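Okay, got some structures for you below.
First chain A sits with chain B, and in the next complex the same chain sits with chain C.
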Partner chain A sequence: MTSNTALRWGLYGMLILFALFYLMPLFVMLTTSLKSLEEIRTGSLLALPRDITFAPWAEAWSTACAGTQCEGLRPFFWNSVLMAVPAVLISTVIGALNGYVFAQWTFRGANLLFAAILFGCFIPFQVVLLPMAQMLGLMGLAGTIPGLIFVHVIYGLGFTTLFFRNYYVTIPQELVRAAKVDGAGFFRIFWSIFLPISLPIITVSVIWQFTQIWNDFLFGVSFSGAGSQPVTVALNNIVNSTTGVKAYNVDMAAAIIAALPTLLVYVIAGKYFIRGLTAGSVKG
Partner chain B sequence: MPILQIDHLQKAYGDTHILHDINISIDEGDFLVLVGPSGCGKSTLLNCIAGLEPITGGDIQIAGRNVTGVSPKDRDIAMVFQSYALYPTMTVAKNITFGMKVRGVDKATQDTKLAEVSRQLQIEPLLHRKPGQLSGGQRQRVAMGRALVRDPKLFLFDEPLSNLDAKLRVSMRTEIKKLHQDLNASIVYVTHDQIEAMTLATKIVVMKGGVIQQIGTPAEIYNRPANMFVADFMGSPAMNLIPARVRVDAGQTRIEIARDGAEPLVITDPVARDLPAQIILGVRPEDIHEATGNAHLPGTAQGAGGEVMIEIVEPAGADTFAVTHLGGKAVTARLRAESAVRPRAMFPLAFDLSKVSYFSPTDGERLN
Partner chain C sequence: MEWLERNVPKLVLAPSFAAIMIFVYGFIAWTAWISFTRSRLMPRYELDGVTQYQRLFDAPRWDVAMNNLFLFGGLFIVISMVIGLMLAIFLDQKIRAEGVLRTIYLYPMALSLIVTGTAWKWILNPGLGIQEAVRGWGFETFTFDWLIRPEMAIYTVVLAAVWQASGFVMALFLAGLRSVDTEIIRAAQVDGIPTHRIYSAIIIPTMAPIFLSAFIVLAHLAIKAFDLVIALTGGGPGYATDLPATYMYAMAFSRGDLGQAASSAMIMMMVIFAIVVPYLYSELRPRRDQ
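And then the complex of A and B:
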């Protein structure tokens, strides 16, 4: 009994230690972003701010210079929203339909095609850069937000198809057969029977895709134009284009702002994320 | 006009032939049971009738209409699946009315039909529950409700009772039979359970390896099996199939059955038959009686039986089964419950040959 309790306390101690370790960078970022430059220079890295100031946040949001443009993160943040939201929705919807077909309406050569789509998950970003640039040029989408949406949808399809296919494959085929006898067609069955049970896997797909797309830097820096750069590219530019004294507090505030949406999505839907990832692994 | 007619149906996946030249015809109100061991193609045949599997050759007609290339929804059928296949996110009521909703039936008709069917199946209190909150038997009822509400030309049942426990299975069996009688519905029913087949069917199709072995009424299948497979498959305990030698003399058929450690057992069939020298004698366990006190039964004169060594006695409540060894095969006799039979003792058995079956030992086909 006592050794058991000791073990338990030890376990909690370890977990708390790890949690502190992982939270440390966030703590430093947050405290630094609330300090004045003067205080950063004179104080310790781990110390709490003596005078809390939100000026760095305001500067990061609306006046910091990214290259020659000094409008802060705001315009780029909206670029990212305009890019990520449609890209996540489109890739999730198409992935759901793909998965539905691969799991329930198999056809000759379906396995080969699925393997090919899966292969897409393993292609490194760098490999597709040049051909994709050429494609976007041909389509007249180079340097635009729709172009970035296109790239992210294509690149994400492998993952979303995999998610939905593996989720739907656990659903008995008899369900589709019953619906067919009942008179329902391809889209009706998808809409009335499959979509209502898909919340866990939709959550997985949305979180995964949103995190990938929002955090992406390489595609963003390669395929965006002057007016279409996503927030990650702007963050890089802000951090790198300071002249004179480095404004650590502004950099930290900008980094937190750029990371906030993914953090928020995960906090809101994280419970379903874990549940969705493990769904189907146990018969329930 | 037959409600279902299948002509020369073939089904193959690539080079693998699943169904060979299937010909079946049933009339309105018939209860057709497709029975056979697993892998015999019975479920595939049902799916072909439903239109869920395309067929490789032949024709299917439902109520006089050729539906061979028609999609399931336009065949005027309803189907009950083995796993019930209830839509998990819909309530019981929505499950039942889904088909009508898809077909654009107006709401008032939907409600009337729903009320009617739920009363019939006694599922009124369950209408607002989800399938996950129902027991196996309740799900089964809902699945049947979904089929009944459609009022189709033909009902298809794919092993609907196999997921229920033994007791519930028997009571649901009775209910399905009652439903069939009340509605005068035409039903095709797949099962691997020969007792279900016997109790429910007006017509049985016994299948093996994608080939129809026999089509007939339950009585025909039971009393005059077309071959040894059917004889062995239908009936529990199975028909005794005993290798024997035949001698025909003086208008009688003498059958000699070899046995270990004793003279051959000789029984006499009073009918002269044209049989080969080597046969397989098929006798149901209930046609083997205790010899004493049964002298009035036909064919139980002293010539049609003898003393045999009983090996095992299995009391089963209503009956007692006695197992002996004849012609190298275990032979079971169904005796009265209060029979004095004892294991490892000699016991007189009489063979009633009025319903006897003779099979060819080479191809297993029926000879009489």
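And then the complex of A and C:
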């Protein structure tokens, strides 16, 4: 029995040790962002702040320099919002309709089509980066937020289609057949039978897409212009800004601000976040 | 009208299908074509054989990038799997506060890799970071300066990537452990089989599909790892932590060498395909039980 108790203690010890490992960077970010530069230089990385200051947060939000532009993260934060919200909504709506077709209205060749769309989830985006840059230029969308929305919708479609298809495929086909006999059409059936039961999968899709798009850096850095950069790109610019003294506290405050929306989503709707991750990973 | 009604499903799919045909397959074809030309700053379309690929394989920087990919990818995948499986098994022992621990282990996955890179860059900087903090505790000779040592910097990328993704692997494995038939486990317990044997002989073998999907996700993350390197090391010192993704980006957007960018992107795609296509094939095979 005693060896069992010791084992139990060891188990909890390990679990707590790992919890500390995962929490440490967040702790360091938070405490560093609340210290003055003077205190950072003289104190320890892992020490709590002696005099809490919110000045770095104010600077990160409204005056820090990203490249030559010294307006803080604020304008870029809004760029990300303006980019993410439409892109999430559009890709979810299209994914829902596509998934509905693939699950309930299959036709000859539908499986092949589904595979073709699914395949888009797996490509390394580097392989479409160059032609997309050209294409956005041709469409007059280079360096704009609508351009970024367009890119995120196109390359998010595969995942949203997959989510909805896998959800709707569990609904018996007899239901659709019966509704058809009653004279209901494609959209009518979607609207009155499928949509009302879709809230869980809509949540999963919205959370997944929002996290992906908000956290994206590659498309942001490749396709945005001076006025349309998303928050991740601006954060990287602030951190690597070479003008003046390195303000680590401002960097950390900026990093937390950039992370806050997706962290909030995780805390509020963790269950759906995990479901999206596993659904997206079991096949993606 | 009748025709329209019958073809609504196809019409609904048509725009997505067209988009995927152009923006995935068409674009891949374009990149493939460019990879066989002499394109520099501007795309040129006359074919020129495999000179871009020869240049690529002759470039020391590409050599470093590919070596880094296998070193980083291998370590990242193995360590994340080991930690993920271990934490999942630990958490499966009727742990108090399991929910809280799970939340803590998984939250890094919600962060942008740019945020992760920024945080670890600060923690690992030798001047004011963890090295200095440990020295402050009295360990005067403690050294942890991997970030600025060319031969060690790639391991900091591994560290940060494992931090980000291992909790997610834990979640995958935990879900797998929970889905194993409890009847079998109870029967084994009744027969007096020790717990570690139940895991190694009964539970883990049934989780083979989960190992596979965890592997696919991690491999995918590793090959695409671009943001993390940019934020953590910027590819440096020198180009010591370059990955194919950062090489491709540098060629495309700062060197103005489209031919090299295209050929390196094609190699990246082939590496992913070598891993993903067999998997996709087995997933999409029509199954009798569905």
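The working rule: the second predicted complex is superposed on the first by the 255 of 284 C-alpha atoms of A that agree within 3 Å, B and C clash if a C-alpha of one lies under 4 Å from a C-alpha of the other, contacts with A are read in each partner's own complex, and residues count from 1 in each chain.
The rule is short, and it goes like this: contacts are C-beta pairs under 8 Å (C-beta built on N, C-alpha and C of every residue); 3 or more make two chains touch, one makes a residue touch a chain.
In this text the structure is predicted, and so the values were computed from the model without any measurement.
Superposition of the two structures on chain A shows chain C fitting alongside chain B with no clash. Shared-chain residue A:Met139: touches no atom of chain B or chain C.
Legend: residue contacts after superposition of the two complexes on their common chain; A:Glu174 is shown touching chain B, with no touch to chain C.
In the overlay built on the shared chain, the residue A:Leu17 is in contact with neither chain B nor chain C. The partner of chain A that touches more of its residues, comparing chain B with chain C, is C. Aligning the two complexes via chain A yields an angle of 90° at the C-alpha centre of chain A, spanning the centres of chain B and chain C, rounded to a multiple of 10.
When the two structures are aligned on the shared chain, A:Ile268 is found in touch with neither chain B nor chain C. Touch criterion met: A:Gly120 reaches chain C, while chain B stays clear of it. The gap separating chain B from chain C in the superposed three-chain model is 9 Å, by closest C-alpha atoms. Those residues of chain B lying in contact with chain A across their complex are 47, 50, 52, 71-73, 77-79, 81-83, 85-90, 98-99, 102-103, 146, 150. Within the complex formed with chain A, the residues of chain C that make contact are 5, 8-10, 12-13, 15-17, 19-21, 23-28, 30-31, 34, 43, 83, 87, 90-91, 93, 95, 101, 103-116, 118-123, 128-130, 132-133, 136, 163, 167-168, 171-172, 175, 213-214, 216-217, 220, 223-224, 226-227, 230-231, 234, 244-245, 248-249, 252-253, 258, 261-262, 264-266, 268-269, 272, 276, 280, 283-284, 286. Chain A meets chain C in the complex at residues 11-12, 14-15, 18-19, 21-26, 28-29, 32, 40-41, 44-47, 94, 97-98, 100-101, 105, 107, 111, 113, 115-120, 122-135, 154-155, 157-158, 161, 185-187, 211, 214-218, 221-222, 232, 235-236, 239-240, 248, 251-252, 255-256, 258-259, 262-263, 265-267, 270, 273-274, 277-278, 281-284. For chain A in complex with chain B, the residues that touch the partner chain are 172, 174-175, 177-184, 188, 192-193, 196-197.
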